[in-house]
Every structure is written in C-alpha cells, then in structure tokens.
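In this document, chain identifiers A, B, C and D correspond to the written order of the chains, with residue numbering beginning at 1 in each.
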Amino acid sequence: MINKIVDSMAEAVAGLQDGAAIMISGFGDAGAPAELIEAVIAQGATDLTIISNNAGAGEVGIAALMKAKRVRKVICSFPRQNGSHHFEARYRAGEVELELVPQGNLACRIEAAGAGLGAVYTPTGYGTLLAEGKETREIDGRHYVLEYPIHADFALVKARAADRWGNLVYRKVARNFGPIMARAARTTVVQVAEIVELGALDPETIVTPGIFVNRVVLSSAPATA
Amino acid sequence: MINKIVDSMAEAVAGLQDGAAIMISGFGDAGAPAELIEAVIAQGATDLTIISNNAGAGEVGIAALMKAKRVRKVICSFPRQNGSHHFEARYRAGEVELELVPQGNLACRIEAAGAGLGAVYTPTGYGTLLAEGKETREIDGRHYVLEYPIHADFALVKARAADRWGNLVYRKVARNFGPIMARAARTTVVQVAEIVELGALDPETIVTPGIFVNRVVLSSAPATA
Amino acid sequence: MQRMDRTALAARVARDIPEGAYVNLGIGAPTMVANYLPQDKEVFLQSENGLLGMGPAPAEADIDWELINAGKQPVTLLAGGSFFHHGDSFAMMRGGHIDICVLGAFQVSVHGDLANWHTGAPDAVPAVGGAMDLAIGARQVFVMMDLLTKAGESKLVEKCTYPLTGLACVSRVYSDVAVFSVGPEGARVIEMVPDMTLEELRGMTGLPLEMA
Amino acid sequence: MQRMDRTALAARVARDIPEGAYVNLGIGAPTMVANYLPQDKEVFLQSENGLLGMGPAPAEADIDWELINAGKQPVTLLAGGSFFHHGDSFAMMRGGHIDICVLGAFQVSVHGDLANWHTGAPDAVPAVGGAMDLAIGARQVFVMMDLLTKAGESKLVEKCTYPLTGLACVSRVYSDVAVFSVGPEGARVIEMVPDMTLEELRGMTGLPLEMA
C-alpha cells in the first residue's frame, strides 16, 4: 500500500542537502507553507537557493530563513515589500544573490521544468534590463526572450487537502504557485490542513494528481473554513 | 449582462470563413463535438485546416467533414485508425495535406499558442522523421526540437456544463484537448450537455474559466450520467 | 485649471471600459477604477494571483487572507468567478486574453514605451512582480498617472529615461489634466480638463502635441 | 524451446514493476501487463488521454465511452484516480514523471533506439499518436516484442532500419525467448527461456551477445 503521508514536519523535509534549490509556494502569506519552512530551519540545511514569488516579509516563513542566514540565492519576482527587511539586510550586505524574474516568466520557467521543455521563447521582458544578455528572437513580427526552465531539488507546497496517494486540492488564491512547483521538483512535500480517505476527492476536481507529490504532512495550524 | 449562450448550433458557428483553421476537441469519440461539426457542414465553410488528435472515423464528426470535401489540411497525431476511410481516401487522392505531429507536441504547441509563447524546445521527436528540417538545439546535454505554436480561428469544444459567462467543466476523459484548445483560438465555441445558473459551478473546480470561451450552445444529445 | 484627482481619474478610466471586458487593474491607484465601473454592466476583473471575477472588498467580518488581490488586499469573488494557478493566470495575460490592463507609471513615451517598475536608483532593491507580463500581455494597456512629477517634469516623454517595463505597449494615458493616445504615430490629445489648452499641454510636456 | 506467449510475457514484465511505480502501458500487447500486476500492490497506471489510476475493464453494463484508455477500450477509475487535460497528461510524460512505460516495437537497437511507429512503407498513411512522447519521456522504457519477425529476422538490431520513434530511450527488451538490457554499452542478456542458449540467441540476432 502506498502511503505518502509522513508523521512529522521533520520527516517531511528529511534529506534536504546543503546547497539545495527549494521552491516555496505562496503569494504573500496566501499559500505559504510556514510550518515546512520552520522545519527546514530546524533541519539545518544551508546555502540554499530559494525560488518563490517573494523573498519573505515579517519574521516567519522565508523571512525566517533569511534571518537564519540559510539562503545563498533568491530567484523571485517581488523581493521588496512591506516587512522584507531580513531579505534587504542580507542583500545589501552582499550575502544573498538575487535573480529577479518577471512573475509570469517565473511561472512559465517553472512550468517548462515540470513539462520537460528545454527552453521557451517568452515576450515578457523583451527590451528591458531583465533580458539583458539573454538570447532573443523575432518570430512572426514579435520579439521574444529565450528563457530556461527552473528545476528544484525540493518543492514546499501548501494545499488544503490530500489523500494518501498525494492527490491535492487547494483553497482560493492560496493555490497560486503550488500546482506548478509540485511538478518541477525532484521531491515535492506538501503541508495540508486536512487528510482525507482515498477516493474522497472527486477525480474531476483534483488539481494536483499524486504523481507530482512525494510526501504529505498534516499542518497543526487550524484549517481555514 | 453578459450571456455567451447562443440559441442554435448555426449561431454557434456563425462567421466561420473559408480557409479557417479549426481546432476540434476529442480523443476518438470522447469529447468530440459532433453537433458543432454538423453545424460547420451545414454552414458551408470550406478549404478548412483541422487541428485535432484524429482525422475522423466512421461517418460523423471530422469524418463527415472529410466526406463533404471541406478540408484542405489536417494537423493531427493519429489519422490512421479503424474507420478512417474518408480521410484516407482524400489523403491518397492528394486532396488533403497532412501535418503529422506527435501527440504531446500537438498539445504543447496548442498550449504555447494559448499562453503567448513564441516557440518551445521539446525533446519529443528529436532524431526522427517528424523533426526533419526543424531547428534543434542541445541544452544541458539533451537534444530538443524547436516547435512553434498552433493558433486557430475557431475552437470547437465539447464540455459537460457551462454557465452564461462560459465557465466550463468537463466529464472524465472527454476533457482531453478541450481546455487547451479553448485557449488557443480566436473564437471558442462550446457544445455542452447542461447549462447551469451563474454561481452553480464551484469556483475551485471550474476547469476552463469563461475568459477563454466566446459562445456556448446546448447539445440536443442526452447528457451522459 | 481644474485637475482631476485620483477618484475623478479612476472614474474617467472606468468610462472607457466596455461591458464584457476582461480587465486587470494594477496595484495602487488603478485598483480604484473598480469602484467606478457601472453596477448594471458586467466587467470581469482578473487578478494575477489566480482569480477571475473579483468583487469588491469584503466586510471586516468576512475578510479571508486566502482571498486577496495582487496588492494583497482582501477581496471577494463574484458568482461565476473562478480560481486557477499562476501558470494559467499568466497564460491569460501573455496569451492576449486580457482586454485591458490599467497601470501606474513613472514615464510613458509617445510611442507607448512604459517605465513603471524601477526608478533606476543604483541602491534600490529591485522588484518587478507581474508588471512586465501585464505590459506586454494585455490587448490594451491604459496608464493612469499625474502628467507631471512633483518636481514638475513631464512623465509623458519622447523617450523614457527610467528602465523600461515594456516596449510600445501602452495605448492610452489618463492623466490629471488630459487623456492621450500614444503609439506608432506618437502622442495625441484625446481630451483635456476644462480651462486646459493645447498650448499649455505643449508647455508642460515639451512635446509638439496635437488633438487626436 | 519453450517460448513465452503474450500472456507469459505480460506476466514477466509485470514482475519488474515495483509497487508505487507510475506506469504507462502502450496500446496492444503492453495493455495486458495490467492483468498481471499483483493485486496486493499499488501500481499507478496512467493513460495519455487524461487519466491516472486506471482500473480494469468494466462489466458490460458499466461501459462508459467517456472512460476509455489510449487504445479506446473502456476502462475504470480506481478510488484515488484523477482526470486531467492533454497538456497536463503529456507534461507528465515529457517531464519525466512516468517511471516506466511499456511499448511494442518493430525494432530496438542495442543502444536503445526504438522504431515502433512507422513501417517506412511509402504508401502507408502515417500515424504516431503518443509513441514519441512516451519513448523519450518515461524514465524507463520497456519493450515487449517477439524477438523475430514472422520472416525470421531479428527485431533486436545493431541499428534500426525502420524510421525511429526515439533515440537511446529503451532500457529493456522483453522478448518471447529472452530478456535483454540495452543502452550505451550495448545489449546484454538478462535471462533466457529454458533450453535457450546464448549461442542460439547470437544466431537468431546476429549480435555478439553476452550475459548481463
């Protein structure tokens, strides 16, 4: 019997290596897997590359990873926001490298990784600072930038519910990067508010089929209604 | 008030021009919009390019379009099957051009069109007859073929249910190409077994948001349970 | 001269959004456009963090932090709305499925180049978000901005000096004193606030403006 | 010499599929592998037309023509199964998420090149379906075939003469008389049916085979 549910947050992030690339779902706080990130801090891996929309704000989540000096590089679209002082301090000190990627290119590079594409031509960013030095091409009269897939060793994802095969459903806009990150990592770990029996999720409405999920762990935070 | 529901199959395919490129959902019979295809035959447009997984079998659907000599070109992955005699006759007579595309490249070229990408590097087909003459590139030690998006003037799609904004849900494997074709056509027309009130579809489980749909028409065929 | 304030400007932009349009409103002032869309017409608001059919802000008691807009403010979902992931959300934009997006700007060039993501200050921590995707993805890009900076410099320019967000992507500029079309043929004045003159606009912008 | 018939061969392939594997079974003989997967182990069957967690054929009364496999045969869905569109289905394959796929073949080369989509006959109407995507997408590609054609020619070859489906993609060949590994170091014999000898296999294939 296949059971992807693990008993603890520690087990969920076991095997994470120093130098790993980690995708972290979330747009602001919505969909951010705070407990899994706490577990990464406890686990001890360092020199990490974080792939996420933001670079952390306040004192928890990615900000806590920054504060703990575990991050070598951030690939994200929007690092500067209210409360992003831990990122900014590390960045200004030259301790953290930043690869700034337009949000839609971040999404499509993650999608390309999950879908096994070698590279894609995207129109976003053409003619801007963020495409400097990148290969470009004119196709049917429009200009495109060649962008490469972003793969990760781990994806940390927050979902609403899962079954033991790792099938996932999400909640409202907390869905955001979860489904595409789940596909792009070697090991996908999901923090959920609820674990349900196999067969309880409608096969028509499963958003992430279990094939993209390796480990599921129940969150101790109360489920949102 | 926005109401994308039209009253007849004829209205659903109105405006289709000679020479148009039409995407048609379906994998075999599952998900094939038979009534919309009948309406295209009645409407009279000819010299069509059909983009679909198959090239028709038996006497209805795409096969009927073939029989009626309305098709100039087929872009598909699997034209040869039991009952594909109408396609085969036209093809052997040199009346229909065939662009054979591996099924996953067909899917990802349709996806690229819907997502506004200029081209993608796909590993599928590298080193085969179907990549002859195409640009290739080695990326991180793997070989890829450059494939361009496939756009269409019309997409004819079959779904299970829709509301007046054009939100769609599908049924089982009849989903197949519907969601990706709906995004890749200038005008997307959907044949559904059921029309529901706005708000009746769960926002978490809508597969195709109405932004990708232009017209919805109720099928006269009985809904499958 | 009677300048339009932000609310008047938001109402003016709203007038140019037809029923049935799929619209993305950028963070900040553009978000206010939603308040002036006519109640009896259906306009579809998309938010790049994964929702379509966005409704107004909720009552305090109904705030749900998993139902927010791109500016991370609580919103609601209309009946007929839907949720989707970031890949699908940006396919909507990049694929040309959004009819109109409304954005703020540091500068817009007469040919429609947009600069709205980076001041170019060397010590600034850069952040881009979805600005570049919106700029090149939407069928029409409307910019809402004051015509002049606080220092009195025109933000409608012959050529942007700030780092670009997108090339030749803006079609209209709604400013506090006039509405402009921009594009391949340069800038034209569509309308002005009462008491404004073409001559005065030329003086403010340093551009050889004509009426559209 | 006791050749394996199709059912014995399907059972043999099934033995090499571990619990928890995500597996795509090609059209034709490979489909039979499903019948020999142990009932007490969970193996996930994917079908490229948009389902994961495929179950056995339904009873006649339960046939649903919107629940079919890639060979267009009625199937069932297990509890825990899911449906998805073609874009996602082929992302599963191309993205390396399928552990094993089992395919038929016209020819396989000792280095793992696969020819299974086209006889090369000039008058044939070509059709490829998902063969090329499966060939290069799955982490391991198993081929199930008779070692010899009806005319007695080896289908395991130094170099394919039929049009290729994919390069260097097959890892194992399960034939009626022997199981081979193929790949960068050439073909090796993993096992033979009783009474078969290496010498005889060399004769049948014309290849300098050795045991693995």
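We take it that contacts are C-beta pairs under 8 Å (C-beta built on N, C-alpha and C of every residue); 3 or more make two chains touch, one makes a residue touch a chain.
The chain list, named the UniProt way, goes like this: A, B = 3-oxoacid CoA-transferase subunit A; C, D = 3-oxoacid CoA-transferase subunit B.
As the structure is a prediction and not an experimental result, all values here were calculated from the model.
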item	value
Neighbouring chains common to subunit B and subunit C, by label	A
Chain pair, A-D or B-D, that carries the greater number of C-beta contacts	B-D
For subunit A paired with subunit D, centre-to-centre distance based on mean C-alpha positions, whole Å	35
Separation of mean Cα positions, subunit C and subunit A [Å, integer]	29
Distance between the centres, which are taken as Cα means, of subunit B and subunit A, whole angstrom	33
Touching two or more other chains - residues of subunit D	51, 77, 83-84, 90-91, 93-94, 137
Multi-partner residues of subunit B (each touching 2 or more other chains)	108, 111, 115-117, 122-123, 170-172, 204
Arrangement of touching chains [line / ring / star / complete / other]	other
Pairs of chains satisfying the touch condition	A-B, A-C, A-D, B-C, B-D
Touching residues on subunit B, where the partner in the complex is subunit C	1-2, 111, 113-117, 163-165, 167, 183, 198-199, 201, 203-204, 206, 209-212
Complex contact set, residues of subunit D against subunit A	19-20, 22, 42, 44, 46, 51-53, 77, 79-84, 88, 90-98, 137
Complex interface listing, subunit B residues touching subunit A	108, 112, 115-123, 137, 139-140, 142, 144, 148, 169-172, 202, 204-205
Subunit B partner contacts - residues on subunit D that touch it in the complex	47-51, 64-68, 72, 77, 83-87, 89-91, 93-94, 118, 124-133, 136-137, 163-167
Sites on subunit A touched by subunit C in the complex	27-31, 53, 77-81, 84, 87-88, 91-92, 98, 100-105, 107-108, 110-111, 122-130, 143, 170-180, 207, 224
